[in-house]
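Two complexes are shown next, each including chain A; its partner changes from chain B in the first to chain C in the second.
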Partner chain A sequence: MLTLKNVDVHYGRIQAAKRVSLHVDPGEIVALIGGNGAGKTTLLCTISGLIRPSTGSVTFAGADITRHSPERIVAQGLSHVPEGRLVFAPLSVADNLLLGSYSRHKFGQGQAIEADISAIYDMFPVLGERRNQPAGTLSGGEQQMLSIGRALMAKPRLLLLDEPSMGLAPNITRDIFRHVVSLRESLGLTVLLVEQNARSALKIADRGYVLETGRVILQGQAAELLANRDVQRAYLGRDLDA
Partner chain B sequence: MNISSLLQYLISGLTTGSTYGLAALGFTIIFNSTGIINFAQGEFVMLGGMFSVFFMKWFGLPIAWAVLLAALATMIAGALIERLAIRPVKGASPINLVIVTIGVSIFIRGLAMLVWGKDTYALPAFSGDKPIAVLGAAMMPQSLWVLGVSLAMLAALKAFFSHTIQGKAMLACSFDRKAASLMGIGVERMVLLSFMISALIGAVGGAILAPITLTSFDVGVLLGLKGFAACILGGLGNPFGAALGGLVLGVLESLGAGYLSSAYKDAFAFILLLALLFVRPQGLFGRKSVKRV
Partner chain C sequence: MDSFRKNLLGLAALMALLAVAPLLLGNDYYLTVLTLSAINAIIVVGLNLLLGHAGQISLGHGAFYGLAAYTSAILTATLGLPVFLGGLAGVLCAGVVALAIGIPTLKLHGHYLAMATLGFGLIVYIVFNEAVGLTGGPSGFTGIPRLSLAGMELTSDLGYYYLCAGCLGLVILVALNLIDSRTGRALRALHTSEKAAQAVGVDIARYKLAVFVLSALYAGLAGVLYAHYLTFIAPASFGFLYSVELIVMVVLGGMSSIFGSVAGAFFLTALPEFLRAFENIEILLFGAILIVCMIFLPEGLAGGVRAVRARLFRRAKGAGDA
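What follows is the complex of A and B.
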């Protein structure tokens, strides 16, 4: 469904991704793990079109999207839940969700979009209770749910999630991850999940990639990575456990 | 102090203040979508008045059509400025972009002088010059037009931002550009739209004021500066604060000119602005800080 081939990304003279190749098959949850500054966010932004790679290609659902604009990519069914949530803080929860549907806004879509917003409220009841509140007043976990809900409003087939657990208490993290799993079951969604919280991510993932200073250094079945000595030593320390 | 002269000053203050307010709104809308102060905003106000005058003259149009067409023409000018001067230097630092807008304003003013000369022109009042007596003060029917049209513009803008998806998308761009593009919002298109809306608002302000204050190729300088003062007064980034800032500025200026000295009329705005910035740097109605990413 998604394939990266030999992707290089540069910020000026700094190279943040080196010859990265990876793929995500339909229906999979794939975890991309790695420490601070490994290049995880860079890769997600490259996939969603916010950053242009210097070489290499990104293919989504059979089409080369390497040089497409973010607007075009989201309209093709690929949504990116950015690092740090980036909800529109002064706008209401309802408006944030509505804006999530911007890419499919056409005349006569109003009712379908309303229905989808209610579906998000069913999925995350707390968002429904706070629909008229400014998004900035929500707690971190609620903002994460909103950011995910907003991305779902574009009706994606593939969801990119950048560190959804960042700054959240373990029980909230667990709740978010449970939602990710159920999204695949209920919507048939494919997920590429970036996490520093490697153990939780690998527990719900089918496969995983380990990124270090811009390179993929390991890949395999999630269970194998969980059992891998090097991975355990580097990424599965007790302090990261949730 | 007698009531009727006070009322007279209030009326004239609110009238010019409305135009400052509309110019300030224009500043705010572009600031919100781009993070830059568009110093060509005053030229939009000038173009609105001058186009109206000349569309009447050249094509013999009735005034309503002339004003409408002038607003459209200025909107196109706004779009051209964005496409030809702002977009090509995309990614430049805000200070460079601001300098670009100053260049644009000088260019437009020069062009206007070449085409229309240095004369002062008057637009006829929309519905006659017969003053209406209000408690001993005389109110020109044009003042009613100015107040009414300004209020209508404000209401339309409010509706645009709170009830349409394009309006909300424009706000979203100002809050978080990256997230907005991830929603599929074309940030560049929103910037273009913001220039067009600002031009439209400025032009309408210029056209409705022209019968009262006359117009010439260089009225944009002062009106632009006053609009800028109003938008700082109201709190940069807050459209309705900006409009209110314009009214406050207009009224204070008119009171100052009436009761103190009319020689310093134009200085009041800036003295007031400086004083306010010392006391309340975020403006009268502003948020504590304007954070931009």
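What follows is the complex of A and C.
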């Protein structure tokens, strides 16, 4: 469904991604793990068109989207939940969701959009309770739900999730991850998940890639990665020598 | 009642106020102040969309105002075109120039956008001063005809005031409609986070440009009204200081509120006139009032009104509970 081939990304003279190739198949949850500055967020932004790669190609659902504008990519069914949630703080919860459906706007779509908003409220009841509240007044976990809900409003086939656990209490993180799994079951959504919290991510993922200083150094089934000694030492906080 | 209906009600109230205001004034000079206030308010409404809603700063709006004024003046006085056509050309000229300037500059953010628009404003100001053959240079451009509608020249000051107030009402109506629309949401979204706006599929470059051009068109309309009201224009009215004054009107009035900005425009245009009585310390008092306003009303006049209303509401509720 999504394929990256030999993608290089530069910020000025700094190279943030080096020859990255990866693929995501329909219906999969794929985790992209790695430490700070490994290039995880850079890759997601490259996929969603916010950053242009210097070389390499990004293909989505059979079409080359490497040079497409972000708004075009969203319209093709690829939604990005950005790092740090980035909800539109002064706008109400309802307006945030409406903005999510921005790319679908066509005459006569109003009712379908209304129905989708209430579906989001069913999924995250707390958002329904707070629909008229400014998004900035929500708690971190609620903002994360809103950010995911906003991305779902574009009716994506592939969801890019950037560090949904950032700054959240462990039980809230679990809650969010449970929602991600149920999204795949209920909507048939494919998910590419970027996480520092490698253990939680690999637990819900089918496959994983490990990124280090802009390179994919390891890939495989999530269960294998969880059991891998190097991954355990580097990312799962287990000191095997002790 | 949704916010758009509430705002329409507010607009109706404002128009009623503007309609009766001249009847309450003691002399004709105050009518001039009121007319100039309405003209300033037209630009400020556009600037409020740009600055308060889309979050883009411009220190060059005096230039769009001037461009429209000079274009209309030259076309009507020098070339003898009907005022209606000249005015239309003036407004369009401001819009077209904004389009040309906006494409390269709106890629910039914050201070850099401020610098670029400032530079543009200065260039236009210098052209007004130096193109003496066309603009009359620093000594100004005289002999601009008064506005005429369908062959009838608008001679009375009162009539002209109502024309300006009507234009202001129209401009506010368009702005309120825009804010309440899908486009308005997109503008507020890109104000909060350009990256997130892009991530939900908003073409941010296009919207920034569109709101920039719209605000320039507003400034152009104001410029045309100004030129054909005073029948004399000089570069000094369109300089950097004027652009800054416009920003102050928006900020003092309240960035997030159209009505607040309009109040800011009327307040700041009228204030110097009332301070005339203090002669030498006039400017000093003007500055002091601005400082006091910003200390006690950090969210502008509109924010102040909101805070007072909220406090009254709480008190009323508290009294009800007790």
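In the analysis below, the second predicted complex is superposed on the first by the 237 of 242 C-alpha atoms of A that agree within 3 Å, B and C clash if a C-alpha of one lies under 4 Å from a C-alpha of the other, contacts with A are read in each partner's own complex, and residues count from 1 in each chain.
Here is the rule we use: a residue touches a chain if its C-beta (ideal position, glycine included) is under 8 Å from a C-beta of that chain, and two chains touch if they have at least 3 such contacts.
Fair warning: this is a prediction, and the values are worked out from it, not measured in the lab.
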Point to revise | Three-chain arrangement built on chain A, chain B and chain C clash or fit | key: clash
Review point. Touching A:70, do we find chain B (first), chain C (second), both, or neither?
Key: both
Practice item. Using the touch definition from the top, say if A:86 reaches chain B (first), chain C (second), both or neither. Key: both
Check your understanding: Touching A:164, do we find chain B (first), chain C (second), both, or neither?
Key -> neither
Practice item. Would you mind listing the overlap between the chain B footprint and the chain C footprint on chain A? Key: 48-50, 69-71, 74-75, 79-80, 82, 86-91, 95, 98-100, 102-103, 105, 150-151, 154
Point to revise | chain A contact footprint on chain C (complex, rising order) | key: 182, 185-186, 188-189, 192-193, 195-203, 256
Check your understanding: Taking the complex as given, what residues does chain A use to touch chain C?
Key -> 48-50, 69-71, 74-75, 79-82, 86-91, 95, 98-100, 102-103, 105, 150-151, 153-154
**Study point:** chain B residues within the chain A interface of the complex
**Key:** 165, 168-169, 171-172, 175-176, 178-186
Check your understanding: Inside the complex, what are the residues of chain A that reach chain B?
Key -> 48-50, 69-71, 74-75, 79-80, 82, 86-91, 95, 98-100, 102-103, 105, 150-151, 154
